[in-house]
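One chain, subunit A, links the two complexes that follow: it is found with subunit B in the first and with subunit C in the second.
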Partner chain A sequence: MNGFALWRRYARASLSGQMRYPGAFLMQMAGHLATTLMGFAAIWVLFHRFGTVRGWTVGQVALFYGLVNIQFALTETIGYGFERFGDDFLRTGAFDRLLLRPRWTVLQLLGHQFRLRPLARLAQGAAILALGLALTPVRPLPFTLPMMLWAIAGGVAFFLGVLIGQAALSFRTIESLEIVNVLTYGGVEAGQYPFDLYARWFRRLMTYAIPLGAVSYEPMLAIMGRSPHPMAATLAPAAGFAFLAIMLLYWQVAVRRHASTGS
Partner chain B sequence: MIRAATPYLAAFRARWRTTMRYRAAALAGFVTQCWWGVINIMIYAAFYHGAHDAAGTAPLGLHQTVTYVWIMQGTLALMPWSCDPEIADAVRSGAVAHELLRPIDLWWWWSCRATARILGRLVPRALLIVAFAGLVLPLAGLGAWALRPPASLPDAALFALSILMGLALSASIVVLLNIVTVRTLSPAGGSAVITPLALILSGNLLPLALFPGAVQTLLILQPFAGLGDLPCRFWLGTLHGGRAILALGQQAAWIAALTLIGRAALRRALHRLEIQGG
Partner chain C sequence: MPSFPARIVVEDLRKSYRVATRPPGSRAGLAAWLPSRRPWRTIAALRGVTFTIEPGTITGLIGPNGAGKSTVIKILSGILRPESGRVTVGGLVPWAQRLRHVGRIGVVFGQRSQLWWDLPVDDGFALLRDIYRVPPPLYRTRRTRLVETLRLADFLDQPVRQLSLGQRMRAELAAALLHAPPLLILDEPTIGLDAPSKLAIRAFIRDLNRQDGTTILLTTHDMHDIEALAERVIVIGDGRVLADSPFETLRATTLSGRRLIASFDGPPPTLALPEGVTRLPATGQTLALDFDPARIAAPDLIGLLTQAGGSAAPSPLADVTITRPSIEDVISRFYEHHAPGP
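And now, the complex of A and B:
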């Protein structure tokens, strides 16, 4: 069985598991949809009171908001195994079982859980993005559509890289590091607004050291036709893949050094 | 009276000590919340600086909003995030049956545990945030981003009282979440509904005063305002006289209502309790 077929089988098993408690599942979906929608409601309220922010309209902010939420939601559906790695795999010793199987650890962890819950965030991200597209003029569809898909791919690579880095770090701490939340949930929070609202040190840190801006802000500027360097902005999502590659290398090194907790 | 309270105090003490052991988690929470606060402050500053006329008529000034953001970040642990994780484990394994064997009032037992856990998570994080936002930031020359002290001494006292009521309110919501977990056999559903409501309606996402004027009364009367917004208003000194009494009264009324609802729901849940596992 090839890797992808194996992953699909993992995903099916995980889906049927999640449907075992339908009451809790439905409440979870409803709640998650509400949370994410309220995030945008708060932005709407701010625009309602202040009109614009540094010349940005609510429609333009909706584009940033929708993009980063779609990126993170897609990552969350497949990356849960890494998010929970320290607590669920390392501390319990369950990771040693994964090592016994003749498959790449990353594939097995990607298949650990295919979560439905983030689909609520995905749905609202797509809805807000559509709202943004309706309110804001963007470049013609033959550019916008591939660029959007390319940016989403880069964003998923970036966020997955963050989760893999979090998991690799937990080889040292034997627990999931909540501090990485500043890049996952905090990344979504920061990416929802255009980066030129932020202080320069923050913008540089989150674009060059941690390529969140490269996968969200820059490509969206290109889509709006507002980028000062359109060529660079078009290529920027590649930084997400570079980040993922570095984190995968780090993961390989960490796995090689792994000594079991022995429990 | 004292003897009757002993088991509940013991539950409180045990839970408080356990929670205080998680120092790394408190530190991680502190860093995350500082990060969050900084992002939010930059966003608010951009909104306020961009629109001078709208900013002039806004019910909160920028420095008040900044202080509000820091209080909210410091008291984030006051939110009813989830049901008691040990109760969730007990429901999953079936060990929840043991809870019924204890010669105690289960509502008070769970409530004491919840209060201690919230307090144990709240105190270290709040102290760290106050130190960072109230002392480090002004010393670093970032006074514009700093937490300002309460408007006056009586306001500070009212803030403390209001936070304590928020603690009781949050604990009574956590007990309700425990009960939902017992009924649905999974801890995820209840908190998935309550947490987002609490975050937006407590003012954590956005100060309630910045919402449109038409919904202000409704926002102040709903229960979640007592988890953050009302204490913040006391700190900022924007509640006086009759409105202050009204705010404290609404907190007390919601604590009483949620206690009664929780006790009734618990009775019903135990009446038809399903134990899974074995």
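And now, the complex of A and C:
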């Protein structure tokens, strides 16, 4: 059985485990939906009062907001094993169990838990994205649709890279590092707004050092037909995959180092 | 059906851990990130361990806590890489060829579950089938046989979290053997189990070795495990091999002694002890004796105590316990025989 098929097997097993307690699951889902919905309600109120912010309409902001939430929701669905790595695997010694199995550690951690809870964020992100598309003129569908999927893929790669980096760092501290949440939850917050609202240094940092802008802001500008460098913007989501590749290398180094130091 | 001879060769294995000696407290965690003069302490876990295990044998690895047993097991399982030394298991270097290596061994940790806590036992087995790429026909025969011999049928559909410890250990054994590994490593497989469960697990391990020719390496603190299973015993202490001998030799030399503890309703009598019996310091109304059953049988010794005539008014004997030396005793005796180096 190849890696992807095995991952699907893991996902199915995890789902059946979660569905054992449907009541708890529904409550969690509802709670999650309510929290994220509040976020967009605040933006809506803001725009209702001022109309536009630095030339951005509420429909345009909805596009950014929807995209980054979809990206992060999908990442959380598959990346939970990395998010919880320090606390659930390193501290408990459960990581040894993964090493005892003849499969790549990354595959096993991706399969650790296929979570449904982020589906609340996903549904909400999709709804807001649809709202944005209804309110905002964008480029024709044959460009917009593939570009959107490409941007989502790049964004998932980027956020997954962040979670893998967080997990690799926790070999040093044994705990999951809360500070990395600046990049995950903080990244989602930052990506919800057009980047030109931010200070120049922050924009640079978030585009080149940490390629959040490359997977959210730039491709969405291309979709709106507002990008000053359409070609570069179209290719930008590849930066998410490059970031993921670097984090995977770092992960391999950290696992190797861990085997030398023991726990 | 072992697909390769699981010969284990371990040569001059060395491993030490660097331990940060940081003061307790919340600021200490932060200090781990600062480029300071971090006070490291090096602890040698293995100081040159050498042994070879032939395919199809059962070997017991014993030693006190912290002796290095777990480190050996972790290295042989491919989890840990040693500082120096050579290890091959069936021709593979465990840590360097981990993915191939772990596909050919089974490992059971008594203290740690390999199964999925929330999943029914059988679902976990099916997942392991896919993880280990066990061909379906082979899986079906293996599973049927393991379910039967380990008596798993009653709880196959229960989540692992609901199993008793004895049931769980049986499920763990099955889980480690679904892919028919020629080598099974067991780390304290009977820890915490009740007597019937222990007996069942020992019988299963013995049959597995006899019928399938599976090579078995086990660590334990229970001398009965060793006695029931191991043909050969490797004693590890302080990171070294203190003894490596057939079990019979170990039994004849170190394990032959017994300790008798007698309590009296009053002060214990003073006796003239026969040859082969030594008196240990004891307090109050008890008397502790070490004796060699080859020289004086336990009933004779007890007889001697019941009719102890030495004192003026002999106190009646109230209770007698006879114990065998614990692994800790064995190790300390080895230390007396083999003076440890620096």
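One rule holds for everything that comes next: the second predicted complex is superposed on the first by the 258 of 263 C-alpha atoms of A that agree within 3 Å, B and C clash if a C-alpha of one lies under 4 Å from a C-alpha of the other, contacts with A are read in each partner's own complex, and residues count from 1 in each chain.
Heads up, the rule we're going with is that a residue touches a chain if its C-beta (ideal position, glycine included) is under 8 Å from a C-beta of that chain, and two chains touch if they have at least 3 such contacts.
Note that the coordinates shown come from a computational prediction; the quantities given were computed from them, not determined experimentally.
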*Putting subunit B and subunit C on the same copy of subunit A, do they fit or clash?*
fit
*Quick one: name whichever of subunit B and subunit C touches more residues of subunit A.*
B
*Does subunit B (first) or subunit C (second) touch A:Ser260, or do both, or does neither?*
second
*Please indicate which partner A:His229 is in contact with in the superposed arrangement: first for subunit B, second for subunit C, both, or neither.*
neither
*With the two structures laid over each other on chain A, which partner does A:His32 touch: subunit B (first), subunit C (second), both, or neither?*
first
*First (subunit B), second (subunit C), both or neither touched by A:Gly23*: first
*Measuring by CA atoms in the overlay, how small does the subunit B-subunit C distance get, in Å?*
5
*On subunit A, what residues does subunit B touch that subunit C touches as well?*
173
*Where on subunit A is subunit C touching in the complex?*
1, 5-6, 9-10, 13, 16-17, 20, 93-94, 96-97, 99-104, 172-173, 259-262
_Show me the residue ranges of subunit C that touch subunit A in the complex, using the header's touch definition._
15, 17-18, 29, 32-33, 71, 74, 77-81, 95, 98-100, 102-103, 107, 109, 112, 114, 116, 118-119, 123, 126-127, 130-133, 159
*Taking the complex as given, what residues does subunit B use to touch subunit A?*
24-25, 28-29, 31-32, 35-36, 38-40, 42-43, 46-48, 50-51, 54-55, 58, 184-197, 199-200, 205-206, 210-212
*Provide the residue numbers of subunit A that touch subunit B in the complex, in ascending order.*
21, 23-32, 34-35, 38-39, 41-42, 45-46, 48-55, 117, 173, 175, 177-179, 181-182, 186, 189-190, 193, 197-199, 202
